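Labels run A, B, C, D and E following the written order; every chain starts at residue 1.
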Amino acid sequence: MFDNVWLIPLLPFIGFLINGLLGKRIKNETVIGGIASAMVLGSFIVSCLTLFNLLSLPGEERQVEVKIFSWITSGVFNADVAFLIDPLSCLMIMVVSGVGFLIHLYSIGYMHGEEGYYRYFSYLNLFTFSMLLLVLGNNLLLMFVGWEGVGLCSYLLIGYYFHKKSAADAGKKAFVMNRIGDFGFLLGIFTLFWYLGSSHNVWTITFTELANNSHLLPTGGIVTVITLCFFLGATGKSAQIPLYTWLPDAMEGPTPVSALIHAATMVTAGVYMIARMNYLFIRSPETLAVIAVIGACTALFAATIGTAQNDIKRVLAYSTVSQLGYMFLAMGVGAFGAGIFHLMTHAFFKACLFLGSGAVIHSMHGALHHAHSNDDAQDMRNMGGLRSKMPLTFITFLLATIAISGIPGFSGFFSKDEILWQAFSNPHHGSLNFLLWGMGALAAGLTAFYMFRLVFMTFFGECRITPKAKDHLHESPMIIVLPLIVLAGLSVVGGFIGIPKVIGDLFGGIPNYLEHYLDPVFKHSEEYMAHHGAHTGIHNIALEWGLMGTSVLIALIGITVAYSLYVANKGIPARFVAAFPGLHRAVYNKWYIDELYDNIIVNPCKAFSQFLWKGFDVIVIDGAVNGVAKTVMACSGVFRLMQSGLISNYAWSMAFGVVVMLSYFILK
Amino acid sequence: MSYILSLTTFLPILGVLLLFFIPKESKSVLRGFTFAVTLVTFLASLLILFGFQTNAEFQFVENVPWIAAGPFVMRYNIGVDGISLWLVILTTFIMPLSVLSTWKAVEDKVKEYMICLLILETSLIGAFISIDMFLFYIYWELMLIPMYFMIGIWGGKNRLYATMKFFIYTMVGSLLMLVAFIYLYMLGSQAGIPDFSVLHFYNLRIDPTIQVWMFMAFALAFAIKVPMFPLHTWLPDAHTEAPTAGSVILAAIMLKMGTYGYVRFAMPLFPEAAHRFAPLLATLAVIGIIYAALVAMVQEDVKKLVAYSSVAHLGFVMLGLFAFNVQGMTGSMLQMLNHGISTGALFLIVGFIYERRHTRLISDFGGLAKQMPVFATIFMIVTLSSIGVPGTNGFVGEFLILIGGYESELRWWAVVATSGVIFAAVYMLWMFQRVMFGELNNPKNQKLLDLDAREIAIMLPLVVLIFVMGVYPNPFIEKMDPAIQKLVAHIRPASMNAKILPAALQSLPVGHPAMPGHSGMEESTAPSAASGQLPAGHPGIPAEGQSSEPVVNPHESK
Amino acid sequence: METLFFLIITLVAIVSAILVITCKNPINSALSLIMTFFCLATYYVMLDAPFMAAVQVMVYAGAIMVLMVFTIMLLNIRVDASKKHSHKLFLGSIIGFFTFFNIAFVLFKSHVAMPTGPYSVDMIKQIGHTELIGKEIFTNFLLPFEITSILLLVAIVGAVILAKKKI
Amino acid sequence: MDMITIPAVNFTPILPEIFLSVLAMFLLLMNVFSPNGKKTYLSYISFIGLAAAAVLVGSGWGAHVESFNGAVVLDNFATFFKIIFLLSAGLAVLISDQYMEREGCNHGELYPIILFTVVGMMLMASGTDLMTIFLGLEVMSVALYVLSGFNRANRKSNEAGIKYFLLGSFSTGFLLYGMALIYGATGTTRIAGIAAILGQMTLPSTNIMLVAGMLLMFTGFAFKVAAAPFHMWTPDVYEGAPTPMTAFMSTGPKAAAFAASLRLFLVALPTLQVEWSQLLWVLAVLTMTVGNITALRQDNIKRMLAYSSIAHAGYCLVGFAAGNGTGTSAILFYMLSYAFMNIGAFAIIILVAKKGEPNGTVMDLAGFGFKHPVLALAMTIFMFSLAGVPPTAGFIGKFYLFSGAVQQGYIWLAILGVLNSAASVYYYLRVIVYMYMKDPTEEFEWTKLTAPVALALVLAVAGTLILGIVPSFVLQYAQLAVSML
Amino acid sequence: MENLNGYLIVSAILFSIGTIGVLTRKNAIVIFMCIELMLNAVNLTFVALSRHLGNLDGQIFVFFIMTVAAAEAAVGLALIIAFFNNKETIDVDDINLMKW
């Protein structure tokens, strides 16, 4: 029933090959774009089929492994290319191929006229292939292959405009940061494989076997080390606190790329990985605490930076980092279902926001181009009042903004509120959960603030674009707007499949489909938590309603503040900046984190290696080698001079030799 | 047919003889003929590959008496097993490509250049297939001569310094090994071993204290060749001065001679000493990885950068070897092949841009991707393989080495080595970005032509192999697995014994030549351990837990 | 009486030997060398080897020294007082003394082989030294005798090649 | 008074010597009658004569004949060495003709002197009596004094002659004193006699006279072999003497000195093995180190080859210090292969040098590699063989020498030897560097490659390679020769 | 007359004097004379030992040493004369054309 699963990743790969090898010859853009999108559509259809087949199975057996071929077998270690079909992976392939297809469609229009057209689409298809591989892989090694493949494609796509030095640098930075994460991931795999193998003789890296043998692992100790390593990998990939600086720079790439990779799919790989290995993470409370804290801090921290950015894509980038913080917060508190739910909803509205901003930038770029002015097409200060020029984009953008800021009824609200509730109510980390909830709520407020600030600055008020370009602003073509509309719809409707129980039975017992759907995947951790008395936390309904109310209230406050600052009286922000210049400059320059990294890690590393090369390699080692040669040459010079050419010296040395020999033997 | 091995080895020499008849002026005929010879050799080696049954025995063995004088009996004893099979194939595979790459590179004295290449091929193949240690030593030294001439005559500016340093550096190491060879033979002849074949010596129980000295001599010679950390300074000089084909062969095949030496001679002959030295050599390997990566980051010359990168890669291989388990060994054997392909390809690429711009400084390039798109894609694929991105061959080898290392006692070494993965990405991508991306402002770069048909023909097989070995490495691993299992089974018990039982008890101190008591003049380290004399006929008591009968290959005629 | 005579001859020999190496003019050193040869000849007589003494006088004193003196005269080397006729005196004499001490030390500690030879002293007196030597040479040491002929031939040809004015 | 009955004498051991002496005398007469110009046919006759002598000697293989009641012996050991002498003399004769023509000195008498040298060497190798060895040594030395001073016009040749003469006779003084002491301690000059008496003696090593005699005698041979403290004469004499004579001097006489000392030390004084192997251990290390290190900075190619011959004497001393079967047979093999490679190298130098050899530095070889590829290839083979790089005879020789030392337990000696040969690689490769990797400074005027020199080169290259690749039959002969001792 | 040691000591003295002469004198011919002196010292040792041992080998050896000395003298002086024709001096310190 699942034998055509290998088609899902294979179709984008075929697309990549066609466009990669023949792309140069097929000059016609629509053909290239068509092939690429068709392939992703095909894989979307097959994933729907698979989802449908999976749903037809009864609850427990929803876990099927399909082996394609055995990849590496050497001694005790063997890894083969095989796919794991279970509710989690089905959900992910649906999201990836669905959103991916929409973004492919969108980029046909958006990338119109670019000279590396075929190269863009082949990389995009390769990305989809790697992401599907990551999600479908049934063992850690195959997931790692997808993991690095995705990192590679993000490097290629960020560096798409390679003639721009900043794009190339951003690509390299992204790849290196991911690579640091992969270092952690690799260590996790090795420790897990070694520990399970050497102490329990279970030589495996496949998820199903790991799940079944997870009871062998002791809580804390080695498991904490393993899970921390995996978490390091996750932070690298999903841009959490220590390793997030590459995401804002990744905006150098084309906007659909940011939408697909840096919003919907790749960055969520970390979350997926933790969800996939929930039975490991649940066994070490310390790691969960770390994840939760980092998630919350990232959410808050990124939100603060988002408020002060002027580039439309930078704001969205920091918003993504902050939303990812939320997902990790959910994972940290053990609410894996909620995390995945937020992942899905975030994919919809963030993709919609990015594509919307792309549409805005596209038309701004066109207009400025006509007016031959080289203002920055992405700077919000040059925009304003676009709602009349681009009504459809405005509406979809507004819907997505409402979703993200957590206004009830929209998808954002359900998933974010679920996370906040779980954060508040879980007993794992003692008093920590109040702090977590607080940070989460504050971040939600800030999110609402900067999202609406963005909306007001771009779509409301008078148009600040250079006068000549004003009349060239026009709605984007249908191929760009259509995906916007679908995504906006999804971001509105998306929330209903996972309505929290409290609200559900208010409206006549609508069950939380998602929770129910994802149960088989998280049953191990559920049992473990039940075993350890996790859910004895506070359960009264009233508290839940209270919290929900407060979060909605905070969101509304954020919106009103945004409205007052940026629509009602424009002067205040300027005065605010004048009042606290230091704070504003710090926030605007991303708390100088990038400069910090450069001075602590990058420059000293360069200096040290310069020293190593010039100092150690050349002077010490080469010096020693040449030194030996020089000393030999020197004493050869001395020996040479002993040869004075005088017979008496020669005779003397002979006689001396005889005398020495004789006396030695006599005295012996 | 049983003479295929000698045929493959001496086909290039046949080519050399025929080359003499071709006049010096007709360069293209010379190049064409040499290419044909190397191609035929490659086909012959494919015959070996297909005829090779996957088991741990030596196959295609030829054993003909050669020198029998005085205490020594040397036989022309050659054969190929799982370990050396792929290295021979790698040699015959790389040679035609490097010959092809000299079409525009070498203009003057083409005939001598081709002769050097062919002699080099013979000595390399010979070294890989020789079972007789003396024969191995002869090929081991013979390969230095053609490389010496290639670097010396067709090299860069200060080629004389580089080539002299290369020759003497390797020579000192190998001469110390010669003394160890002789001493080993003396021990062997006392234990009744008839000739120089290495198989007999595998079961010779040597007293651990002697083993330490002997292992040091062998390890030094091979460490210089690998090159390991402190002894690597000859490699960057040799590479920057060598012509393209020369440095391709030097990097792709000659460096493997060092690691092959460890696998074939140093470790199996002296298991206890190998285990005792494992931490030290692993530390040097890991330092090598990090140190070479860091130094590579700040290089201005592309070729030097690639040279240091190969020091780092081979650091990985050494780490894998000293893991003493099947994954580690398989990983390092695979990494030897991968390194041969990826670094060989990298040097070819550097050669292409050198032929066009006659400069190797990174600062002279920039923005070539727009000017030479095909070149950019191939360069990108090879860089990824060198970094070890999954899907390419580099990853499989590195992963196996690290997981093998992690699983053995060298756990913390493997952790540090994994960080090497990051540095590999840093210096390769930084170089790639400075050469290929960025503005195309240098006028000279604007006129560069993309790769022509010949150059693409060179790079295509390499790129295909990169992906094939990355996606489906099993056929390669299958062929070498039994031989590696046997090797690990041979080495592993030595470590248990060394730890559990005190050295004196577990290995009967055999083979220490009963020498007339000599006064202090000769401070040789022959220990005073009692020299229990083994019955002459019996080739040494096999170590516990290992196949009793020493594996004497079936058709070895006495 | 015998030892007294021996001491006198030794004294003369040593003095003339020292004169050989010290006097400035080569002629004087040649003459003092001849004097040493005569002392040696008397030693041989004292050692009951009259034939040896005769040969010594004829070959060394007669042939070789004459040749020496002839060459010195031929080259008529002017002995100018300015140039020192010897150098490195200190180093040379140190080595000379050490060789002497070593050999003397060897001679004192050594024990020479027992006299097993067939020819006792009186036999020599009775048959005649020359006859015995002759018999000995032409029976036991015939080959060395022949080799000396080759040696002399080589010497003559060599001398002709090297010194003849114009070949 | 009864007639002196001359005992029946068996001439077979000295048949080759007699043949060569008669040939030499015949050549002397031929030289008188031949007109001034045409002297080359003399070299052909002498080469053919030497070849015939070689056949004669070869036929004597396997026999063991004592004659002249113990003065001389014909055994494999002597035969093997005689072959080496005849080979080096033959090659020297072949290459000397062109050199002498170019230098313009009358070389009519050269060939008889060379033949007499060979006679002297043969006597040294086959002599089993101190007197025969001494006289053989003297015949050889006198002839060599003449040969080194042969080119009267050239001041350097004169100086070489005088230096060799004075130091040679000085060393003969020590040699004789040694022989006297040994005669005193044992009572006989026959080697067999000495061995017998030493056998009965209780503690021979305490008899100081014997040890001192051995030492002094060894200095005589050490001088001829150019061992360390006594090597000072070699560079000057080899540089000064005419090149073919240097080639001859560096191979033949060195082998003869080894032959005589091997026979003396191994047959006459085996009981003193402990003493003389220590002595040799030190001398070997000293010789190798001095020879190799001084050669590193030599520019004059003849002087460099002189130091290299000192170093090679050092390597042979390593084998001598080992004293076991492998070591000594290795010396025999090494001397044979050394003759091939060294005379080959000198042949090339003759071709390259101009009249009067202004300075004959290595730099003159610049660009030679691509000007005369075949000759350069020969020179490369010789250089690699001297350096001891595998496919050549030099490597096999060194391999056996060092394995003799290792078998005897002198591992540090082998290690020092190996390091020395690694150092020697530098100056041998320097020649190759100039030949192949430097472009020519000024034009070579092509000295025509006459037939005899070509024949000599072919023989030398063939010898070096064959002994390198298939050395077993020669090694077996060497093994047989030594086992008979 | 059994003072063999006496003769040996005398010959040792003469030998040493000869060595000193060779090392210190500058004139080639005088050096050659000193070498002759050394050889004669050895002759004396031989004759004394031969007389003590009773066999005539030593004296015959002396006989041959004398012929060798004669032959050497001939060649040596020829060499010295040849050198003199070239360089007007036979001072040992001037014979240093070839060095280092």
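Following the convention adopted for this analysis, a residue touches a chain if its C-beta (ideal position, glycine included) is under 8 Å from a C-beta of that chain, and two chains touch if they have at least 3 such contacts.
Because the structure is predicted, anything quoted here is derived from the model rather than measured.
The set of chains in contact with chain A as well as chain B comprises D. When chain centres are set by their Cα atoms, the one at the greatest distance from chain C is A. With centres computed from CA atoms alone, B is the chain lying nearest the middle of all the protein shown. Counting C-beta pairs in contact, the chain pair with the highest total is C-E. Note: centroid distance chain A to chain C, computed from Cα atoms, is 105 Å.
Averaged C-alpha coordinates give centres for chain A and chain D that are 80 Å from one another. Centroid to centroid, with C-alpha atoms defining each point, chain C and chain D lie 31 Å apart. Centres computed as Cα averages put chain D at a distance of 26 Å from chain E.
Shared interface positions of chain A, defined as residues touching 2 or more other chains, are 640, 643, 645, 647-648, 651-652, 655-656, 658, 662, 666. Within chain D, residues 131, 135, 138, 142, 145-146, 149, 152, 161-163, 166, 170, 177, 181, 184, 187, 208, 212, 235-236 each touch two or more of the remaining chains. Looking at chain E, residues 15, 18-19, 22-24, 26, 31-32, 49, 53, 55, 57, 60, 64, 68, 71-72, 75, 79-80, 82, 93, 95, 97-99 sit in touch with two or more other chains.
Chain pairs that touch one another are A-B, A-C, A-D, A-E, B-D, C-D, C-E, D-E.
Chain C meets chain D in the complex at residues 102-103, 105-107, 109-114, 116-117, 131, 134-135, 138-144, 147-148, 150-151, 153-155, 157-158, 160-162, 167. Those residues of chain E whose C-beta lies close enough to touch chain C in the complex are 1, 3-10, 12-27, 29-30, 32-34, 36-37, 40, 43-44, 47-57, 59-60, 62-64, 66-75, 77-82, 84, 90-91, 93.
Note for the complex: chain C touches chain A at residues 87-88, 91-92, 95, 98-99, 102-103, 105-106.
Within the complex, the chain B residues that touch chain A are 165, 169, 230, 232-234, 291, 294-295, 297-299, 325-327, 330-331, 367, 369-370, 373, 384, 389-391, 395-396, 399-400, 402-404, 406-407, 411, 414-415, 418-419, 421-422, 425-426, 429-430, 433, 436-440, 471-474, 477, 481, 485.
Interface residues of chain A facing chain B in the complex, by the touch rule stated above, are 24, 69-77, 141, 144-145, 148-149, 152, 155, 159, 162-163, 165, 168-169, 171-172, 175-176, 179-180, 182-183, 186-187, 189-191, 193-194, 197-198, 605-606, 608-610, 612-613, 616-617, 621-622, 625.
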